[in-house]
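Across the two complexes that follow, subunit A remains constant while its partner is subunit B and subsequently subunit C.
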Partner chain A sequence: MGKLISIELFKIFSKPRTYIGFGAIIVIVLAIEFGILFEGDMMVGMIMQNIRERFIFEGNVINQYLVAYIILNTLWIHVPILVALVTGDLLAGEANSGTFRLILTRPVSRVQLVLAKFIAGWIYSVLLVVVMALLSIGLGLILFGPGDLVVITNKVNIFSSGDVLWRFAGAYAYGILSMTTVAALSFLLSALADNSIGPIIGTIALIIGITIISTIGVSLLGPVNRFLFTSYLPSWQLFFHTDDGLAKLGHAILIQGIYIIGFLGFTIWYFHKKDILS
Partner chain B sequence: MTPYIEIHNLTKVYGQIRAVDDLSMKVMPGDIYGFLGPNGSGKSTTIRMMLSLIHPTAGQILLFGHDLAKDRYKTLSRLGALIEKPDFYNYLTARKNLEILGKLSGISNLKFRVDEVLEQVGLLSRATSKVQTFSLGMKQRLGIAQSLLHHPDLIILDEPTNGLDPQGQKEIRDLVKSLNQEHHITILISSHILFEIEQIANRMVIINRGKALVEGHVQELINSQDRQVAFVIADVPAGLAALNETTWAGRIIKSNHERISFKINKEEIPELNAFLVEHQIEIFAIEPVRSLEEFFLEITDHGEVN
Partner chain C sequence: MKALKILLITLICSSVGLTLQAQDAESLLKAVVTGMDKILRFEADALIKVDVDFIDIKDRKIKIKFESPDHFTFDAEGLALLPKQGMQMDYLKLLKAKYTAIDVGEEVIRTRKSRIIKVIPESEDSEVILAQLWIDPELNRIMRMKTFTRKSGSYLIDFEYNTNFRPLPDLLTVDFEISNMAFPAKAMNDLMSKGIQKPDSLPKKARVVVQYSNYKIVNK
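Entry: the complex of A and B
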């Protein structure tokens, strides 16, 4: 199994498209960090205008943690696209290029191959989030320095700098879980398709489509909304709530876990019985 | 001796279509076995079932005496294959492609073995070139190299000369022969060209619409068929009119707009030629026709046997 995973990782990191993801992350983080560096006071000033009338702020409001928090908000918008770009190609790319004929005529188990590909795709997804985390917090420290984190939701949450790092670690770990669900979905679509365009676009279309339906038409979906994985993609924000945020995380993790197992289980079952005609 | 490939009543159904229909055949150790049939006759589907790429609807496949459905690992580790066009990871070099496939086959001393097979197919000098820079002929040879990596006892080649120029086709045929004769590898080679199979195979089967029509030793099949001669003439109706008044009429097998085919021995050819010339029938050519070839052409022309 280790051999299969290393082969799949080698293939992933030999493809130019893999580096589009890392390049995009770097560009997004740099754009946001330097944007805030030059325009941050004005932006934060507008956001906090009302609050400043009621509270006195001392110290550095725009600090590495605030910037990292802002960047985290792009996680569930941009990173799913970058994850699908690679995981949607894992099976469909082999079908499209005809290389399943090479691999599957060797003494390799189809189940092990699917698992190895998924694990390799997952490692890529984890690396994307880790690069994003290190770059946003690390560069933020250099450009803005440390400080307490002010998060405005339906109320103002202020976290001291000593209480923030574990929350970021939790948020990124949850982000990895969310991206695993996205990876499992695009991997499933990849098993169904013979080219990678369909799974990549399909994944994004499903995530956006379901999110729109569940956001706009809450009454339409009713209780089903509670069980849609898209409802829980932004649940990393719960790490920055002071009330019952952490209690809700258990449910979010459970739902994501069920979807991951369901998507992956279906992919294994489908691929095991699939005729390789490409 | 245990056959390397033994297929019993193999069937594959897609909806209403029977791609392979109750097919049975045997490939013995040492054979170059020709698997001949027109395009769409079920060759590739059969081969994909032999390699566990496609699940059969019914029937049994034994490779090296083991049931493929039960002993997939054991059988595939002794078998190499090149299925239709040679597809590789184009963004990787020839060597990297082979190393990946070698690792999957569990080959020890991989680097040495990769160089060895690349040399065997004449691609060692291009080992570090990306496959996307290869011509079809080079890819085809690389395809054969990957099938040889793990020292297989049996290689299955599905139309390995497809798309190659005559020189490339000859190179592949020579390579196949040398693998069989010098390295004692049993080979199953599929083709839709009778000439190709005649050139290299010792045994063969002809299939159409998923059914086996003829199976046996190539030379026996060719020699056992009756000799035929076709006269290509300018005016077939006039020729037939002249012939119908003689005993030659009974020797006519068939005719079309440009030729009349006879079942005659070679000593009779000058006599028939003189007869037609006497009746002022212009003769363009006299062609030997083997009924096996006719039989196969009939399949490929009409898609079915009359």
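Entry: the complex of A and C
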């Protein structure tokens, strides 16, 4: 199995499209960090105008953690696209290039092949989040220095710097979980298709479509919303809530887990009975 | 004619009384300033507790340094929220400028008889438009102060002292009102989980308690 996974990883990292993801992450993180470096004071001043009228802020408001937090907010926007770019190609790419029959003549079961491909895709997704985490926090430290984190939800939460690292670790771990759901979805679509464009666009269309419908039509989809995986993509923010945030996390993790098992289970079942014609 | 005389005498007496009252008030305020002016510099530790409905911040320790006449530096462990009024001896700036003072009575503040003095700054640029001070005339210390500012509303500041010899407070309680975030906090947040939030725009009561310790005072 280890050999299979390393072969799949080799295939993933042999394709130029894989590096689009890492390149995009680097560009986005750099753009946000330098944007905040030049315009951050104005942005924070505008957001916290009311508080600044009554209080003097003593300390470093714009620091590595605030910047990393802002970058984390982009997790549900562009990282799913970058994940789907690779995981949507894992099975459909082989079907498109007609290599399945060749691969499956080897003494490898279909379940093993699917699992190896999924694990390789998952490793790529994890690496994307890890690169994002290291770059945003590391560059943030160089450009802005350390400090306490100010998070604005329906109230202003100010976390001591000593109370922040575990929250970020949790948030990134949850980010990996939600990107695994995205990877499982695009992997499923990849099994259904014979070229990779469909699964990549399909994954993004599904995520954006469900999100728009469930946001605009809250009253229509209210009861269903809590069972949609898209409702839980930004749940990493619960790590930065002081009230009942962590209590809600259990439900979010459960829903994501069910979707991952469901998507992956369906993919294995479908691929196992699929006629390989190419 | 007799009635006119009585009226004239009453008017003269009341105006003399008011002038004397103003002089008393001013001399009391000057005594407060003189007491504070003896300080060349001081250092102290402070524990700041912020109690605002929509702000969640743990108590913060800061180090305060003061250099005469009005230079303050704050060294905070992390991020601290300091009230705009009260912590920087703002009353000295007010009392060193031109003002009109009126003694409006007496009130007991924490067992100390205090004179209530209204101070109206004469400068049009003054941030404070009216202040009311409760002054302990025996120890020449401010016990309470209410200020009405141009831009940041009104503040009620209570000064509590543990000793009779130090003009600086050991406990400072600053009460004021503050509105919740007017700007949609969504700039830093998600649009997905709750939609646009509408924060309560009604002003909320805010309290900041500053507990001073380890005073190191150098007098002139």
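One rule holds in what follows: the second predicted complex is superposed on the first by the 277 of 278 C-alpha atoms of A that agree within 3 Å, B and C clash if a C-alpha of one lies under 4 Å from a C-alpha of the other, contacts with A are read in each partner's own complex, and residues count from 1 in each chain.
Note that in this section a contact is a pair of C-beta atoms (placed from the backbone, for glycine too) under 8 Å apart; a residue touches a chain by one contact, two chains touch by 3 or more.
Since we're looking at a predicted model, the values are computed, not measured.
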Overlay on subunit A: subunit C relative to subunit B, clash or fit
fit
Compare subunit B and subunit C by how many residues of subunit A each one touches, and report the one with more.
C
May I ask you to decide whether A:7 touches subunit B, subunit C, both, or neither, giving the answer as first, second, both or neither?
first
Angle at subunit A between subunit B and subunit C, C-alpha centres, nearest 10 degrees:
170
Can A:97 be said to touch subunit B (first), subunit C (second), both, or neither?
first
Between subunit B (first) and subunit C (second), which, if any, makes contact with A:275: first, second, both or neither?
first
Which superposed partner A:105 touches (first subunit B, second subunit C, both, neither):
first
With the two complexes superposed on chain A, say which partner A:179 touches: subunit B (first), subunit C (second), both, or neither.
neither
Contact-wise, after the overlay, does A:69 reach subunit B, subunit C, both or neither (first, second, both, neither)?
second
Minimum Cα separation, subunit B versus subunit C, post-superposition (Å)?
40
Note: overlapping subunit A surface for subunit B and subunit C spans none
In their shared complex, at which residues does subunit A touch subunit B?
3-4, 7, 10-11, 14-16, 97-108, 273, 275-277
Contact residues on subunit C for subunit A in the complex?
53-58, 62, 74, 76, 78-84, 151-153, 176, 178-183, 185, 187-195, 197, 199, 206
Sort out for me which residues of subunit B touch subunit A in the complex.
48, 51-55, 72-74, 76-77, 79, 81, 83-85, 87-92, 96, 100-101, 103-106, 146
Interfacial residue positions of subunit A with respect to subunit C in the complex
43, 46-51, 53-61, 69-70, 73, 76, 147-148, 150-158, 160-161, 211, 215, 218, 230-231, 233-235, 237, 242
